[in-house]
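Both complexes shown next keep subunit A, but they swap its partner, so subunit B is in the first and subunit C is in the second.
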Partner chain A sequence: MVFTIQSKNKAVGMTLAHRKARRRDTARSYAMLAPNLILFLLISVYPVIWALQYMFYRYDGMSAKKFIGLGNFVRVFTRDPQFWQAVLNTFKYAGLKIVFMLPLAFVTALLINNTKRRYAAIQAVIFSPTIMSSAVMALVFYLLFNVYSGEINKLLINIGWIVKPINWLGREMAMTTVLIVAIWGGLGNYMVYFLAGLQQISPEMYESADLDGASALTKMFRITIPLLGPVLKVILMLSLINAFQDMTSIMVLTGGGPFNSTNVMYLYIYNQYYPSSEASSFLPQYGYGAAVSVVAAAIVGVITIAYIQISKKLDDVY
Partner chain B sequence: MNKDRMMRGVGAALKWVFLLTLIAFTLYPVIYALLGSLKSNYELTLGGHLFPEVWKFENYMDAFTRGRFGLYTFNSLMVAGLVSLLSLVTSSMAGYVFARRQFRGKGFIMSLYMAFMFISLGSVTIYPLFVLFSRMKLTKTIIAMALVMTGGQASNVFLVTGFIKSVPKELDEAAFIDGCTPFQVFIIMILPMIRSILAVVLLFSFRSAWNDYITPLIMTIGNAKLRTLTVAVVQLKYSSNAAAEWQIMLAGASIALIPVLILYIFTHKQFISGLLSGAVKA
Partner chain C sequence: MKNHKMLSALLAALMLISACLFTVPAMAEDVTEITVWTKDRHDQDLLLSIVDQFNKENPDIHINYEQYTDNYPQVIEIASSAGELPDIFCINNTPMITQAYQRGQLAALDSLITDEDKARFDASLFIEGINMFDGQIYSLPNTGLTLRLVYNQDIFERVGLSGPPKSIDEMVADAKLITEQLGGEGVYGFALPLANPQSGFQRGFNQFPLIDGYPVFEGFDYRQGKYDFTVYKPYVLALADIWNSGAAFPGCESLNIDPLRTQFAAGKIGMYMTYSHSEWGVYMDQFPTDQRWQYAQIPSTSGEIVGSQSLSAGYWYVINSATKDLEKTWRVYSAIYSQENLIKYYEAGYGVSVVPSVIAAATAPSAIAAVPYMGIQPTDKIWPVAPQNVVPEGDNWGARFAEVVFGYNNDIDGIIADLNERYQAAYLQSIEDGFNTQIQYPNLAANDLTNTMN
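Moving on, here comes the complex of A and B:
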């Protein structure tokens, strides 16, 4: 009798000590995670919670905030053609950027991916725009594309391709100019992704294809592209998400103008919060801007999910 | 046979035309900025020449004195330095915890980090932080800006996590059994092994802080003294005599570009390999 009680107590003691040790272990993990976790909760999570609350308010930072329920969302969906113009511009921008940039990046990667030589220097040069400030470089491009004093027009006139200077930042051409700058900044990044994909394909595949007498085109469509499939999917997703969120260089280059022709979603949101003379409103609209940003994030989310679904479907087909 | 060789010659020629065009397209704006920063405004707007006719080194003197670029360079250095330090310390420890430790809530926290990598509310998020930090009287210093730029570091954390997972467990587990605390294991065993990925984290966070435009733009509203280089350079575009000051704009742009370009010349391998190890995880 005495013995059993003792052993029972001992067992309880064991689990208690064990539990205590485990709790201490967990505490130690959290202590090491804490500096990062606190920054993450403060800088990444808190503003989102703030926005999810303020999207139900009218608030300009001066007068008291006023709860208006879904009023902001009603406004986005029924009374804000400018935002939907920006959404349309974003789709146009993202679509064209991807359509031109990715094939260019792919071809560049193919040419550099020489089995004998790696062309490290060329790779480093083409990747280099990635490390430069897009705002500063957008300013440089702004000078280059200047109508009368810019070097681009001077060059084109000198070699005789054009007679009259092109208004690169005018209504007709602004989107093209924005795209040229975007491709300049993004190409190297995606070229490196493609190179990574290409280098995962074993050279033996090509060697045996050579033995079979396959042509370069056959090798491309039968080996390179199919084997690049999974990498291509990731690249497409990354480029899609990134292109939808681009705004810095557009902001410096055109400010979204002229006449909103290059205004994109996230730039529109910026202008709700920090209105400049180029924006339509002069008082910041923190509540409305929060609602718009949630709609924009939802649009990007829906596109991403749709893209993942479609690429899964395509997997089943192949 | 002869035709075959000719075809290959044409192919090689096309390849080099393509690559050289691309290289010219990539480098031209940078060279324009660097060389243009040494021209007079008159020569710049006249255009037509790549190299300056008269080398005007005093543009830089102008930028530093009249344009206060000394102060902005200092600000940029301080912010980028602080962000790098914070990123290095916090993301290396978090990466270790995610890679090696088992604890309650880990899965949830990791998926939260993952989710926030892809969700973006844009510049909305900086406003509540600005309000919060100004209540804490931190917006008068560069600390607030640096904290906002450091942020959650999700991508750097996962970079470190992935790297530590690829290092064999046995060594640090043995140290753990010998009675070391997790922190001691991290300092003694892990840190020396992950130096190469920490160099990547350092480069990435320095670059992104040095180049960031939107965050410092918003965080220095009403406080021009704290502006970083990027903000100061772009603001020249909106100044009243912008048309007469192209040379100062380009000198400012060059001051912002040259440090990262020099850094890149020595570290381009780390930049590219770092990008890849991040991409493989994604």
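Moving on, here comes the complex of A and C:
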């Protein structure tokens, strides 16, 4: 009996100590989270709330804001073909960028991974665009691609592939040019992700496949790609987010033109808040910009939800 | 462990270097810092010498002179939103000064400026809506700029042209002739920097109606008091003719002004239109060229100047109404605007002065002797203020006219009707919102502005 009481006391003492320790742990966790949380609230949440408050107003930062109810949204959906052109361009840009860049990054990673002696210098060269300023990169490409004295046209004419210079930054070709620059800029980054994924696959898997007489293609489709599933999920998500957010290089290279042919959603929103300095009217449109941002966020939200659903299926498969 | 020690030492060294780099030298407590922001780089030698001299002679003030040449309006906009405007700042254009006035960010200069100074700047240069609002002065004039045709004399002589075109038809014909004869060498007759079409068309195209005697500035008809783009039709079609015939420099859709200038300096472009103040410095320092070039009058329909060109002048620097020490800020402002400095500014060729007392006292700069049309002409006049910050929904007039010029849309009448409707709606909205008023001068004559602005 005495033993039982002592045991109980001991158990109660332990529970109290355990609770105290847990409380200490919880407090420590919150203390550690606090800097991030405070910065997140200040830098991400507050500006969003600040911008969103204007979506029901006509407000340019100068005159008093005027409540117009759903007026801004009515304009987005009924009288703003430029925005929907930008949405279409964004999908075209993001889709084509991912479709061309990811397979290229995968093949590059595969080649480097399969080389017995890995060439760090080659990896560094392919990766280097990632660490360059995209604005500087776009300026250099502007010089390379310009129709009148650009090196690309000169080269193509010299080797006899073309007779007349191509108007790379004209309405017909501008999106292709923007995509070439984007793919060049992102390739190295995704190559490194793929390389990291490939290096996690155990060599023994390939050895057993070799013993079973599997061909290179069989190994690729039965071992490499399935085992890259989790990495692929992350890569797809990152490339999707980045492609929808790309704006800087487009702004420098074409400014969204000619004739809105390369205008993308985020650039369109940026121009509502910071209109072109050289136009005769450069009044910001905070109210309309906020409404457009909400519509753009909803579009990106739908894409994200769709992606999450698809990626769940990827989990089921692999 | 050794690695950790090395890493710690490295971090400590970095922190020490950062601390040294970012430590601002302490300023004596009785010294007031006056911050001046500018958008200009071309005049920095003179402005910096003014600042240095002032700082030496005035131990109680330290001028902090900062240049924001790229995206200056955005820098001002951000600073304005954050309440961080400097004590003195440069004005880019009329919408910027209007906006700053309407936000209550400008200090009125009337109580500070002396009668002597007022006389020095001439009463005709104080204009409501330009540098005055509600009868009070907010900025002082210095230089003025207008638009000119720039042409390559060597190219013109090679194809047998004796001078620049006077009429728009001649301009189109000359562009075609140059391309026809020298196109094989990669030389083209005409170019415009249309990467931003509105900005490109504001470099001369917008002057066509004014020169022809129509009181219509960028779509606003002063006589009717409303937007009406009808008069632009023949001008748009003339440019479309140049492009359709292949006489324009390739790639103008994505051409900015500096790349255009590099090609002009290389002798690849026969003519283009741009501002009157800038090209001398550009071809002397930025893109030196051995091509012979000149400014000429923007062509008109008949070849004669029936109306007048718009002259942009009246403002340069303004004082922030929230400046902490207005008296000291005014001392800095006065130093920048001293007669001596304005004369130096004009003589050094940094800009074409519009101040009569400065022009009278200064030796005409060598630039104007070499390129006479850089100077202000009797037919360059300060036009009344058109509605400011009218933002229509959808594409602006420049983008829509460019569709016709590049041959993507031939429905010029449809485009004009669309522009008339959207711009007028935006103008009426801006009146309703309270930052524009109904402007109308029923008797305005494009060649006699002063007597008809009522």
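Note that the second predicted complex is superposed on the first by the 265 of 318 C-alpha atoms of A that agree within 3 Å, B and C clash if a C-alpha of one lies under 4 Å from a C-alpha of the other, contacts with A are read in each partner's own complex, and residues count from 1 in each chain.
In this text, a contact is a pair of C-beta atoms (placed from the backbone, for glycine too) under 8 Å apart; a residue touches a chain by one contact, two chains touch by 3 or more.
Because the structure is a prediction, the values reported are computed rather than measured.
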Superposition on subunit A - do subunit B and subunit C clash or fit: clash
A:80 touches, of subunit B and subunit C: first, second, both or neither? second
First, second, both or neither for A:258, with subunit B first and subunit C second: second
Touched partner set for A:66, first subunit B, second subunit C, both or neither: second
Which of subunit B and subunit C A:149 touches, first, second, both or neither: both
Which partner, subunit B or subunit C, touches more subunit A residues: B
First, second, both or neither for A:184, with subunit B first and subunit C second: first
Partner chain in contact with A:125 - subunit B first, subunit C second, else both or neither: first
Subunit B versus subunit C as contact partner of A:165, first or second or both or neither: second
Partner chain in contact with A:274 - subunit B first, subunit C second, else both or neither: both
Stretch in clash, subunit C with subunit B, out of 9-17, 45-53 or 81-89: 81-89
Overlap of the subunit B and subunit C footprints on subunit A, listed as residue numbers: 149, 274
Subunit B residues touching subunit A - in the complex, by the definition given at the top: 15, 18-19, 22-23, 25-27, 29-30, 32-33, 36, 44-48, 86, 89-91, 93-94, 96-98, 101, 103-104, 106, 109, 112-113, 116, 118-129, 132, 147-148, 150-154, 157, 181-183, 186, 207, 210-214, 218, 221, 229-230, 233-234, 236-237, 246, 249-250, 253, 256-257, 260-261, 263-264, 268-269, 271-272, 275-276, 279-280, 282
Sites on subunit C touched by subunit A in the complex: 71-74, 77, 80-81, 92, 95, 99, 102-103, 186, 194-196, 198-199, 202, 218, 249-251, 253-254, 259, 262-263, 266, 268, 388-391, 393-396, 398-399, 402-403, 406, 408, 433-435
Of all residues in subunit A, those that touch subunit B in their complex: 25-26, 28-33, 35-37, 39-40, 42-48, 50-51, 104, 107-108, 111-112, 120, 122-144, 149-151, 154, 158, 184, 187-189, 192-193, 196, 234, 238, 241, 245, 247-248, 251-252, 265-266, 269-270, 273-274, 286, 289-290, 293-294, 296-297, 300-301, 304
Contact footprint of subunit C on subunit A as seen in their complex: 58, 60-64, 66, 75, 79-82, 146-149, 165, 167, 169-171, 174, 254-255, 257-260, 274-285
